[in-house]
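Chain lettering (A, B, C, D and E) follows the sequence in which the chains are written, and residue indices restart at 1 in each chain.
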Amino acid sequence: MTITYDEDFGSLMFRWRGSLWKAVLKDLIAFYIAYYIILFAQWYLLEEQQKEYFTGWIIWCEIGSQYIPLSFLLGFFVAVVVARWWEQFNYVSWPDKMMMMVAANIAGPEHLQVRKTIARWSSLQSAIAWSGISERTLKRFPTDRHLVESKLMTEEEFDIYTNLEAPHGKWFVPTMWIINLLKNLHQRKVIDSIQLDMLLKQVFSFRDGFAMLYVYDWIKIPLVYTQVVAIATYGYFIICLLGRQPKIDEKSMQKEITIMFPIFTTFQMLFYIGWLKVGQYLMNPFGTDDDDFELNYIIDRNTYIAKMMADELADQLPSNISHELNV
Amino acid sequence: MTITYDEDFGSLMFRWRGSLWKAVLKDLIAFYIAYYIILFAQWYLLEEQQKEYFTGWIIWCEIGSQYIPLSFLLGFFVAVVVARWWEQFNYVSWPDKMMMMVAANIAGPEHLQVRKTIARWSSLQSAIAWSGISERTLKRFPTDRHLVESKLMTEEEFDIYTNLEAPHGKWFVPTMWIINLLKNLHQRKVIDSIQLDMLLKQVFSFRDGFAMLYVYDWIKIPLVYTQVVAIATYGYFIICLLGRQPKIDEKSMQKEITIMFPIFTTFQMLFYIGWLKVGQYLMNPFGTDDDDFELNYIIDRNTYIAKMMADELADQLPSNISHELNV
Amino acid sequence: MTITYDEDFGSLMFRWRGSLWKAVLKDLIAFYIAYYIILFAQWYLLEEQQKEYFTGWIIWCEIGSQYIPLSFLLGFFVAVVVARWWEQFNYVSWPDKMMMMVAANIAGPEHLQVRKTIARWSSLQSAIAWSGISERTLKRFPTDRHLVESKLMTEEEFDIYTNLEAPHGKWFVPTMWIINLLKNLHQRKVIDSIQLDMLLKQVFSFRDGFAMLYVYDWIKIPLVYTQVVAIATYGYFIICLLGRQPKIDEKSMQKEITIMFPIFTTFQMLFYIGWLKVGQYLMNPFGTDDDDFELNYIIDRNTYIAKMMADELADQLPSNISHELNV
Amino acid sequence: MTITYDEDFGSLMFRWRGSLWKAVLKDLIAFYIAYYIILFAQWYLLEEQQKEYFTGWIIWCEIGSQYIPLSFLLGFFVAVVVARWWEQFNYVSWPDKMMMMVAANIAGPEHLQVRKTIARWSSLQSAIAWSGISERTLKRFPTDRHLVESKLMTEEEFDIYTNLEAPHGKWFVPTMWIINLLKNLHQRKVIDSIQLDMLLKQVFSFRDGFAMLYVYDWIKIPLVYTQVVAIATYGYFIICLLGRQPKIDEKSMQKEITIMFPIFTTFQMLFYIGWLKVGQYLMNPFGTDDDDFELNYIIDRNTYIAKMMADELADQLPSNISHELNV
Amino acid sequence: MTITYDEDFGSLMFRWRGSLWKAVLKDLIAFYIAYYIILFAQWYLLEEQQKEYFTGWIIWCEIGSQYIPLSFLLGFFVAVVVARWWEQFNYVSWPDKMMMMVAANIAGPEHLQVRKTIARWSSLQSAIAWSGISERTLKRFPTDRHLVESKLMTEEEFDIYTNLEAPHGKWFVPTMWIINLLKNLHQRKVIDSIQLDMLLKQVFSFRDGFAMLYVYDWIKIPLVYTQVVAIATYGYFIICLLGRQPKIDEKSMQKEITIMFPIFTTFQMLFYIGWLKVGQYLMNPFGTDDDDFELNYIIDRNTYIAKMMADELADQLPSNISHELNV
């Protein structure tokens, strides 16, 4: 789940879960180790003249690091990734409007079972479809049997579903059942064509979310683009391993102060690597990172709400107004 | 509420409420204090040679500050935040079109009570839903009893609402009542299926606003991104604390002029910290800042307008044309 | 009105109305005056050593001006403003489609008066709503009496309208009348529910434009953002007042040529101040600038077209095909 | 018409039509002439000391040219222009869906004439509307008589159309005729209200394209913005006329190599002027440039397709399935 | 097909298919060859004084390369291309919703043949339309006979289709057949007008995808823009051929270290050329590159799914609920 936070920038800094510190830590440690190995090698293994020559390398890397337009690359890349990430969340399907429409058109205790079945199938649809794109949901429903065990599917439905041969996927089957159920009601004149239209619009919009998430799952940001950004970022810091070394030959030490800790590079890693990690996390929002969408929670919430709308809320009306109406 | 202003850039500068000056003041004072502590320490505590060494640190920080692509980070970040902020305001729900549709389809004095109930429930819906996302609205309606006291809810509705068990939220209940009321009218043939469709479309679009605001409230901009930007900005000015000190060793003072006030840094704080504050304020538009949306005012406005549309305006028609029609 | 121009870049440069030259002139003159006052002061009042010291200040300001990322700030800011400006124009309401729908569904000479009334009310609606957001329209209709005088409102309508108590605005009243009129036609079976739906959709989309313009008028770009940009831009040129002075101490004059006119700064003012003015003009597109939208012209145009569609065009059909149809 | 090309970057470079080379050629030649005039003047007319002084000017211009953030200005400007250009093309109206809807609802040989008339009027509508925005279409139909001659209009329609007084434009008249024709069919119960709705939706969406193109034609990108960009770009190269001259005083010639051809400036002209031309061409996509949309071709295409859909395709159905249906 | 990958940045680097390495390899080798030819020429053919002169050229090119704002040009260009690429994929038509709507409205075994025909025509439509824009699909169906052989078309349909004279294209003919088939059902009262509307909406939205892809195929990003970017990128590296040569005259070799391998330029090629290739690949997403959309696979998938929805799934309903309904 996305980490919720209030925007007080003070306390914001000292968070761990889903934070910058957690994201950057490993890379930072690796950098320090490599940096100090080189520093000690330079200090103890090189003689004065070699140190001077090494200083030439440092200067050369210092200049070279300026050739990398890191902020530009990251800025454009992360802008694309953030846009995709938000679009993806907006394709998470909620059954609320579909169930409201069901309540509005298929009223009365005599249709309670129909409404409850549609509610259950909406959750079944989510569980099946999201298992295909989310690691966490797949872990929860690793096989179709788990759907039956969690009461989202009856034994009969399980048989029908598993017997269906579908080399190109069959995640949309529960939606087909809902459609066929509505068609049945239409044929039996429980609802007229206009009501069928109203209901199907909500069913289709519910379905669209799943279809679009499959599209996002299938068509990723091109590999080349991701590689370009990753290579530029990590390459930059590899060059910095040399380019930000203190210059410890005697001439240099007279000219400028010698500082043994790469403070600005640390600082740069914080936001450059941090920025890259923003992109990396948001590229795959249905994984198991701290910031990923919690589809499993959403399934629970939706199952509860859909049932509530099918059952208690479907005909609930405060009596004062209903009394008024019936006079 | 967003501060309204005319765009005369002259007078624009001297505003206080919601202004840059107010936003930056605290950070600026903190900076000055730290800056002059360091300056005095450098001046009185260091000897000449130490001063020279300190000048090395200043130069080193001066160079280091250039490694931070602040304008880029802030530019991309604020662009994302501004877009979100505007989208959020566009999801503020107005009952106007729903009430117009009610007036168009549920006419006549015999349905006055129905129209007024829908109007009241639309305000009740706003009050309940916005309490979940806005600090100010929550302050106004801290408990469900306050809804009854402000006449948005009857006692009976209060009982029904509070008795509903809903671990995953029940803010949508008033919308369900509106839907059930319309269904009732449809069943009693007051409106036909097409009119039901027209009405439900407006009810759903009214509801969507609340649902989307919950989504924006739940899924924030990832913490890492916010931290990256905050650290880069404040880190920049911490480096400037040293890097923009006057160089007061003798050699430096001969080479260049010595100015005791960090005028350009002040200037930079004005727009960099100001830019960051733009982002910070807009990230949480339903808080209590000067620039935040005034949902409480909107509730009052909507309650009044909805009632007016349900009552006086619902059948108002200048007589010349209605005369024409009835001939 | 937006200045129309053909894109020949040659002649484009020599336009005055709505041009860069007009936008920048005042600021440029103010800059020159201040610049030459400082220059003469430096020349005549300072002695050689003071001049040298002053040269230190010039260099210091030269460096300081580079700390301001003007192009970035302006680029991002103007991008936001241009997007808003264009969105606002797209919310200008045109009655064309509503009147076409009226012609399609309320046919025949017997309904001429109904169609003409709807046409008139559409203009009345524009006049009332736009008076709330546009200076020019407010100047044209400073009081409600002016609506009667310009024949957009009858005396009776004036009475109804002015007697309506509405602390939270009542600009939508003419739309309510149109809706009530259509409802009346529906109740008298002139149109069926589907036709009512078709008509109301157009009425609502006509109304939406006004509502959205009120939203844009109410929720501006946050004051802080505007101030950040204005301060950065003007601050930059204040720094340039010193930083672009010729260095007139003897040492400097030997090293580099001395030019008494700030040609590059003039140049920079042209496009930086010009860019800022683009933002400033477009922030308030309903004012009285050369480039602002001419809502008054649009009211005239719409009044004429709406009446034409209600009257002459409503049943116009070349006879060859209508002959064909009636055989 | 937009130049079609395959994306082989090799051969892409050697295209002439609609190419960079064609776009930049004139400006490049003008630059060379001015550049070499200055160069020869410097070479033959100046004495050694004057040359040294001139070198001061060159250095000064070299520095000055860096003050212009050309890539930023062009980047933001062209982004806006490209977005507008693509939106404009998407508002080019195609009659395909309207004619399909006509075929679906107004079937049978008895309505062939109706369908063909609607098809013809759709082309008439395009011809009239696009004459108002496109130079090429205006050249093709300079007067209304040309519409009759090209068989888009009958003599009778010509009379009706030309006799209509319309100071605010009358381009929408053919759409009104289509609407009135459909209304006639509805009144005579050939189509029911739902079918009328389906048809009108397509007619309106066909009409919207023309209306939007008029909006884009009327409200241009503000003149100031265009001037800012043009002045910055050409100003840059005027500064380069001096700033990129070889330094031909003796001191300079010893210090650095002297190259008599401004190769990098040529290079910069290629992409800066080229980038500007992208903007310039796309700002007016209905002109006569190589890259402009060929509305005349589209009219021909649409006339043919609309007629085909009205005639041959309207009732075409392979017999196997129609046989099946009729059993 | 877009290369699918999980986002582990470690393993991401060592992919070959669709990777950066593959994209850049050829250009990199060409660069190395040219670079070392120049290097050897400089080393062996030039004398000391010539080397010094050559160093002047190197410095001159080093400075010149900074005049090219490559990251900006590429950033803006690739942003435009990525947006277009994603839009194009979203216009790939899926028959799912159309077939669901068919199942919902044209039920029962008696209409099995109708449903299957619509399913087949939807695939036929894809095959015909995509042959016009995708190289791969064209390879699969090089002539209309191949459509018959792959059973997408009957012999009779082939005759009708090939006999149709259509100088301006006829890809939309199968859609016309679907529409005519639905019209036939409507005329025979199998479906009412509302159901016709529901069905046609899905058919039209299915069709829109093909029409839009033709638009994207026809109106490319203007040639000038593409050329600007290509010339800037390749021009930059041509300048680097000189500007990144080691300076091997004696003076220079004393001043700075001499490195015989252009490591930073290699690095720059990786991401600049890589970035350009991102643009190049995505500009033509229907070609035969590794990252291109696999329309042929989509045709297979759609053919299978459409048939399944027409046949097995069309009336499938678990018996518990259908039992409930029929009681």
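Convention: a residue touches a chain if its C-beta (ideal position, glycine included) is under 8 Å from a C-beta of that chain, and two chains touch if they have at least 3 such contacts.
Keep in mind it's a predicted model, so treat the numbers as computed, not measured.
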Touching chain B and chain D alike are C
Touching chain C and chain D alike are none
Across the interface between the identical copies chain B and chain C, with over half of residue numbers shared counting as same and under half as different, the residues used are different
Taking each chain's mean CA coordinate, chain A and chain D are separated, in whole Å, by 40
Rounded to the nearest Å, the gap separating the Cα centres of chain D and chain E is 24
Listed in rising order, chain A residues that touch 2 or more other chains are 72, 75, 79, 194, 197
Contact graph of the chains (line, ring, star, complete, other): ring
Ring order from chain D through chain E is D, E, A, B, C
Counting only contacts in the complex, chain B reaches chain A at residues 53, 56-57, 59-60, 64, 67-69, 72-73, 75-76, 79-80, 113-114, 117, 154, 156-157, 160, 164, 166-169, 172-173, 175-177, 179-185, 187-188, 193-194, 196-197, 200, 204, 207, 211, 215, 218-232, 235, 239, 280, 283-284, 287
Contacts from chain B onto chain C in the complex sit at residues 2-7, 9, 12-13, 15, 18-20, 23, 70-72, 75, 78-79, 82, 86, 89-90, 94, 96-97, 100-101, 103-105, 107, 192, 194-195, 197-198, 256-257, 259, 263-264, 267-268, 270-271, 274-275, 277-278, 281-282, 291, 293, 300-301, 304-305, 308-309, 312-322, 324-325
